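Structure first, then comments.
For clarity, chains are labelled A, B, C and D in written order, and residue numbers in each chain start from 1.
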């Protein structure tokens, strides 16, 4: 039987997810959608062959909905995830799991109390072909012991509402999860370093920022986040081990040579760069749920990422290194 | 409603297609399979939730089968495609459409007589992200008028049964279709150039070979085919225009630096290199059929490719340039 | 003691050589120059601290001139090289050694009669760092036995006087020498393949051209020459062996990322691309002469290259494969 | 007239310089050498056609010596540079100019008192073709305003005597000079960040280290120094501007494809990587001196680099950000 998914939030990401579920994911269909913008929800519902319901709660409670995808604004995530857990429904929750560490922890506790995994957090990079190769090189011992990593996260531009904190909680949070996943260890401290502001950044926005994440082993992950780089969406990393390095560059096989230059295209945005990863993520979620479980990035991963991002925000505010304190990982998440 | 597909031939390619249909393509399922090797067919059927039938004809005739995928040996393709046309069932036929130009033409004629597209030929490269960018650069005028192209087609190794002709009809045929598609014109002559044999090629196998394909405009497509290159599967091209060039290199974003070298992985085989393209191809076929039509590479494309490959074989045998003669493109294929 | 060099011909190449000798080569100085354009010669002479003489012969005969550099038009090379041999003076002769195979052979015979090497031919690629690595990879057995090679030779544009033959005798001749050197064997036949003309080529100029060079072993070197490619000077090759390939790409370590593209610069012309190789070549010549000998590409290499280029021209004219016939290599050149 | 150079210190670097002066630099010769290891000095002297003198002072004072090259241990540099200034002899002093900021400043003051440039400091990267392109892209406005930079400095391994401080004063000092030169501004603070130690680093050696250099404008230069990376010598950078980035990667045009990988060579050491830059540096020094002046990196540059390196060492010791205080640039250095 096809998995009937309810999609909460039909903004850019939610609509993309709904379309992918409807047209590219095997074994799934969109049964219901909800968005505060009712017209938007109705249009997407019509497009993907679903019904538009009147509230997020209706989506969760709809008996015909087998699983839920949360793509509404971040501050609604925790309550919705908790509702899904209460309803014992599998849920794929876009990052962040919640906007505060406390809320994240409530989700973790609720799921742990439930006794089995219901929540997957939308850290889609773990499904990206390039990152998977980096992970495989590290785990295979090809570069020795990991000592440090250099990460770059650049966006062409951001809307005027984007804040310095959001660079950390919305953008760097991907690097945080990636670091935890690649290094297979926790991050214990974060330092945000002030950098010369881009004259093209909106007033009040500190951009770029340099972030130093310290892992339990002493390994340091250095992250540049720059959300007004102008030229495109550029996410790269180099993980430095004791005997070699593993790098992820911009994926492309195309070169055009004209007018004195060999050029390779840089993607315009994350939808182009990570479209295939989002599809893998969704298929993986649907497959796991149909097979009776939930896997992938857990609510504990979502909790830890938000905790580190919060330390980043604190470091930015206080102008000094901020420690990360994590509650003990419940047994449910021990075999991740 | 999901499209119920019948898969004929469950060797490597057929089994891969069946699995993709069952687990990765939206809107499709495998209803029936057939293979001369009954045990193999039964195993695949069990894996993908289908029934194993006793003949290819049964698959075509099964009322519950909405569309057919032909992945049996090349010399069975034409008869099966004709059977599908007779049954008015959409069919995705692995390349080649048929092993002789005459047989291909019968398929074209039958489909033209039917009056609408039923056949898509499995030239999956047209769905590869990298080739699509090359096509787009050319069509967008970025490199001016196309004057020539350099293509490389290398396999790590081939089984002992592989012949010099098969390098042309099984491997170069992909380059032929790619050339026709990228240049948007027909190929009118082919010359196979003798090259020093690899000491690692099986006795009697001419490998590598150099092939010159001439397009109607005078543009020349130079192709190296080398099926014992040892190091991996390597398919690349550079299309040279009057103001620039568009190249396709090995797609990867990964670099490992160890022991004095920066290394990028070369895929082992075509399944790794073109896995995503095969998936796009299948999804595209399923989407088109469900929408009431068939698109993609047509039986005329299959006919033309086989005709050029036959000229290559003739050139190899006769040691000289061989012309390509194509029957007029029926009206049905004019808007491809 | 510094080597006093006489430079014959102070056009672009000759002037560059004179300047390099005067300012960048250790152990050498320019003593005398000559050019048909007396004003030009006088200006260069003043620049490099030399005297401008009234004829090429005066340069050769000047007792203060220890060695000669010939950079005058190609049709004067043979006579001047013979004059140098007659005067027992070491000579670095720009390619081609002569414009006809017969004339080249006269130089070879004269030098052989003299009994020791006096002539080095200006195939500067043998001193290019990148080509040297390719040579080393081949000779070190890293790619197994060489089976074929793909070479590209593109110029941004050429003056109106440039002819289809000159693409072969002035441009492809570099690929010919490179092929002989890299493969350590002779070329035995050449075929020029007609290609669609660039609309930007001057009237009457066949451009690009495709050239197939066959080596004694059966290895085939495929060469694209395109002298109006518009975008820059682009010389590359991939040598294909039985177990791997060795490639030379455009040398640069620089990348600029702006406006949706990662770009690497393509040099404008050969002076930029091969400036370091020309300097190595000159230093090598000066060092060898000061050490009492002449090494590097020999007059026999110059003879063989011109013989192959002549076969290319014949193939172009006659529209078919043209064999190359080489006279036996005199003992003097056996240990090259 | 050829410039007669006296070379003080004939260890690896000094011997290389002496050989280059003797065999590759136009207009120069080595007249005298000195080394504490007299046998070594005698051998090099014999090789380059010079005399071996009994002390460094003799070299400076030798009336036949026109210019001096200092390549002795760092702690001798200042005294020797001062002696050269006292003798009014042009001097190319290997980096560092001195091992303390105070000593550097004495050299600056002495040269300023002399009234014209006599000292060039051996920051050879300013003569590297790749760095020069980066500089040109920045100065040409191609990437907008510089906001930050990422630099990597890796050595395959170091001798047992190498200390954590030396990573900063011997290796990072190159990055410091490069940063000052590329950004055309001073560095005002340095922070050394502790990183997980490589298990392959000698006991007591902190390796790798992460260094943050802050420029007057607020731009931040992040430097990784790792002197036991095992795989080779790897120096790279990416300068990030407000509209784009300029990167320097490992320079090579060669690719070898074998056994599942496309590989590009990484140089073993700095002699391979910067050989051409050292030659340019020497030629530039000789040319400038012969033309009556001294240019290139000045003693003020050497002073500033050492001052920043000292701040790095202080930061490492104290575990916090260390400011850099620079004395005012004397007028003599204002037009650098």
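Please note the rule applied: a residue touches a chain if its C-beta (ideal position, glycine included) is under 8 Å from a C-beta of that chain, and two chains touch if they have at least 3 such contacts.
Please read all numbers here as calculations on a predicted model, not as lab measurements.
**Student:** For chain A and chain C, what is the smallest step count along a path of chains that touch one another?
**Tutor:** 1
**Student:** More contacting C-beta pairs: A-D or B-D?
**Tutor:** By the number of C-beta pairs in contact, the winner is A-D.
**Student:** Could you work out how far the Cα centre of chain A sits from that of chain B, in whole Å?
**Tutor:** 37
**Student:** Report, in whole Å, the distance between the mean C-alpha point of chain A and the mean C-alpha point of chain D.
**Tutor:** Here the centre of chain D sits 43 Å away from the centre of chain A.
**Student:** Taking each chain's centre as the mean of its CA atoms, how far is chain B from chain D in angstrom?
**Tutor:** The separation of the two C-alpha centroids amounts to 57 Å.
**Student:** Counting only residues that touch at least 2 other chains, which ones in chain C make the list?
**Tutor:** 230-231, 243-245, 250, 257-259, 265 - these are the residues of chain C that touch more than one other chain.
**Student:** Please classify the inter-chain touch graph. Allowed labels: line, ring, star, complete, other.
**Tutor:** Looks like everything touches everything, fully connected.
**Student:** For the complex, give me every residue of chain D touching chain B.
**Tutor:** 230-232, 234, 250, 257-266, 268
**Student:** Under the definition above, what is the set of chain A residues touching chain D in their complex?
**Tutor:** For chain A paired with chain D, touching residues are 144-148, 150, 152, 193-200, 208, 210, 212, 215, 217-220, 222, 224, 226, 228-231, 240, 242-245.
**Student:** Using the touch rule from the top, collect the residues of chain C that touch chain D in their complex.
**Tutor:** So the residues of chain C touching chain D come out as 22-28, 129-130, 133-134, 137, 142-143, 243-259, 265, 276, 283, 287.
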